[in-house]
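Only one structure is covered here, and it is reproduced in the block below.
Order of writing sets the labels: A, B, C, D, E, F, G, H, I and J. Residues in every chain begin at 1.
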Amino acid sequence: MDVDLPRDLDPEVRADLVAREKAYCQGLQKAGTWVHIWRCVGQYANLSVFDVEDNEELHRVLWNLPLFPYMTIDVTPLARHPSDLAADDAGA
Amino acid sequence: MDVDLPRDLDPEVRADLVAREKAYCQGLQKAGTWVHIWRCVGQYANLSVFDVEDNEELHRVLWNLPLFPYMTIDVTPLARHPSDLAADDAGA
Amino acid sequence: MDVDLPRDLDPEVRADLVAREKAYCQGLQKAGTWVHIWRCVGQYANLSVFDVEDNEELHRVLWNLPLFPYMTIDVTPLARHPSDLAADDAGA
Amino acid sequence: MDVDLPRDLDPEVRADLVAREKAYCQGLQKAGTWVHIWRCVGQYANLSVFDVEDNEELHRVLWNLPLFPYMTIDVTPLARHPSDLAADDAGA
Amino acid sequence: MDVDLPRDLDPEVRADLVAREKAYCQGLQKAGTWVHIWRCVGQYANLSVFDVEDNEELHRVLWNLPLFPYMTIDVTPLARHPSDLAADDAGA
Amino acid sequence: MDVDLPRDLDPEVRADLVAREKAYCQGLQKAGTWVHIWRCVGQYANLSVFDVEDNEELHRVLWNLPLFPYMTIDVTPLARHPSDLAADDAGA
Amino acid sequence: MDVDLPRDLDPEVRADLVAREKAYCQGLQKAGTWVHIWRCVGQYANLSVFDVEDNEELHRVLWNLPLFPYMTIDVTPLARHPSDLAADDAGA
Amino acid sequence: MDVDLPRDLDPEVRADLVAREKAYCQGLQKAGTWVHIWRCVGQYANLSVFDVEDNEELHRVLWNLPLFPYMTIDVTPLARHPSDLAADDAGA
Amino acid sequence: MDVDLPRDLDPEVRADLVAREKAYCQGLQKAGTWVHIWRCVGQYANLSVFDVEDNEELHRVLWNLPLFPYMTIDVTPLARHPSDLAADDAGA
Amino acid sequence: MDVDLPRDLDPEVRADLVAREKAYCQGLQKAGTWVHIWRCVGQYANLSVFDVEDNEELHRVLWNLPLFPYMTIDVTPLARHPSDLAADDAGA
């Protein structure tokens, strides 16, 4: 997920967007949907792992991101790996 | 990490390689170095997260993969994300 | 799904592979898992739509394709479109 | 079909465009021309299948999309697959 | 249409293939299906225009090219251009 | 030749540009320079074949297109194909 | 690190940005963090090598670059090469 | 060297830029630094060969191009070819 | 023009090929057809400029290169640049 | 510089190649030509900086690498950066 905030964005609008994004992200972490989030070093981008029921839920989660209109998102479907010791349930 | 095993590989050599890869991977999981591994759906490939001291250690871990000569590997350095609730120590 | 059968493949092995692929594909069509399959014009490739429970099932379906070792597969997760009149359940 | 609506588009113009797009799309679904439409998860994009007489008709259909000026479209010609059980007539 | 004939191909097999390709191509030119063929300068490749009934016919024409197993083919659907004086019927 | 007219272009300027482009194109068709023009389906783009004396003439023709400042152009040099029955003189 | 300063940037703002970037860069050179910086010939871009404790520090260094909002950055993790005579400690 | 002059550039500013670019280019031709310049057919771009002392001089020459802020430049280092009859000294 | 000689090529065949290529190249230099040839630094590749009558001649020249079956060739049509002091006639 | 040693290479030939490569590399380090070499983490590849008189020398250095026939090399010309405190003479 790459973020590209326009540089002429009003500072207040920007601060509000970023704050809402953080709250939204942490709400989904508490709910167990947003399983992992890492910062990609040197980029305004992250690598995230979601645990969702199906594609409908994943699209709803992403579409409602406050920063969605400014993002480029690549989705890679993941499944459990046969060598994985931790039989966790991480989804897409 | 994409794997491309030659199709004319001797079946015994192949089985041995895959078994050694699995043992190597699970040993590093137990040691806490290989933090996550997921299968990329529909591909002989995985997405993994490692927690290492430095670049030297990461290179040593990857270079010694039994399947290393058959792999194409992209490394994306990751850091903690400011929105991450779980202050875990996952590294590169 | 692009298929690249080696040109020096034994003709009998090839015929057997292609026949097993077709049977496998049609079995999954009858089961409602392989919802659509089209030929990409001018290419040994197809565009397919699957309706699966989750990523685990999709990976199992693709991994067991008789032609899997000869294929390059791109997976695009799909969801229902808000403009879609037919509220079908087609998945990934 | 990727959609890239300018973020500074007047909200009323935008709402009108999206509503006209939906009506246009559903009219073609009823006419049997727009056979399938799926949402690409995490993107303002869709994957669609059309059943048209010829290239002239397909171009007319796409060119007249209310959102056409904001879209990037890739067209992949499709034909019936020899393994397809359902002898449907889906076209391009 | 790029052609990549293996360099270790038996010279007789190669000569036979190329001769059959030429006969096939010229038969379709006489039938009015293969409307144009140009050589791409400096490449073992051509740019061709076909006039076909539908995608099924185009796929059949391409799939049966004697050199098909050695080719990489990109298909670009074409339609009449509004500025075209010659109202010809060239198809895909 | 892809065309990308800015969406905020004055409608009169735009109509004038498109009309001049059409006249220019048809003048060159009558002169035998612009041998073929096809619409690429679903795109504001065309595929054209020119018959010119040399590179100087081709550049002059393209540079003077009324829509040139809005175009992205790829030039593929073409030559007669040895399988071509119609010994036409189509150039670059 | 590619830099893309908008051409309509206020000249004073631009001069201030570039001066602060230079000071920031030279401060990190004195601290031994920014080990190398070269200009890529013919481009507003550089190739740099950093010696950092971990990914967190590298991200902090890059994120705080005065020109960060105008940059596109690719990070390639580096390790000591077995043929390197100078056993230096250059990091990422 | 691709040139992308903004279409809303003031016509006088544009004419001045282009005139200064031409004078700069011809001055370097007379000095023997700018050895060759060709127009890429159908594009606002050129292919040039420079004969310079070192990378520092080449960067200075390119950085000072009046159109530099509007250009995308790829530099390919060249050396004498063993088959070259003319033992000229063309550099980068 | 990139050259990719198979590494298992018989050394005598290879030496013969390379010698014939050099003779062919120098013959065309003397004839004024092969105007420039430079080595791309660090690659088994060259950058060449040809002065030919038309596309037919250029294709004949390239197709008959002894190393043609091992080459990947990109052709960029060139024309005189309006800033070029030397009104030479270099062609494609 | 990416290295792709064929997996069926005779182990003795391979060991000899790698040893000669290392000796060659360290000889050039001592001579001050091969200024830096780093391992790209997780890849059989390195990032190197050379200090050479001109393009001729750089090409000679690279062309004579024992592993040259197995390498893919990208050359990026570098120059001193205006922010560089260490006025070193690192070249290409």
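Convention: a contact is a pair of C-beta atoms (placed from the backbone, for glycine too) under 8 Å apart; a residue touches a chain by one contact, two chains touch by 3 or more.
The structure displayed is predicted, hence computed values, not measured ones.
More C-beta pairs touch across one of C-D and F-H than the other; that pair is C-D. For the self-contact between chain F and chain I, the two sides draw on mostly identical residue numbers; the shared fraction is above half. The interface formed by A-B recurs in H-I: of the pairs listed in H-I, F-H or F-I, only this one shares over half of its residue-numbered contact pairs with it. Centroids built from CA atoms put chain F at 27 Å from chain D. Centroid to centroid, with C-alpha atoms defining each point, chain G and chain J lie 23 Å apart. Touching of two or more other chains is recorded for residues 39, 41-42, 55, 58-59, 75, 77-80 of chain B.
Listed by chain label, the pairs that touch are A-B, A-C, A-D, A-G, B-C, B-G, B-J, C-D, C-E, D-E, D-F, E-F, E-I, F-H, F-I, G-H, G-J, H-I, H-J, I-J.
Remark: chain J residues 7, 39, 41-43 touch chain B in the complex.
By the touch criterion stated above, chain H contacts chain G in their complex at residues 6, 55, 58-59, 62-63, 69-70, 73-75. By the touch criterion stated above, chain J contacts chain H in their complex at residues 54-56, 58-59, 75, 77-80, 91-92. For chain J in complex with chain G, the residues that touch the partner chain are 21-22, 25-26, 29-30, 36-42, 46-47, 49, 76-86, 90.
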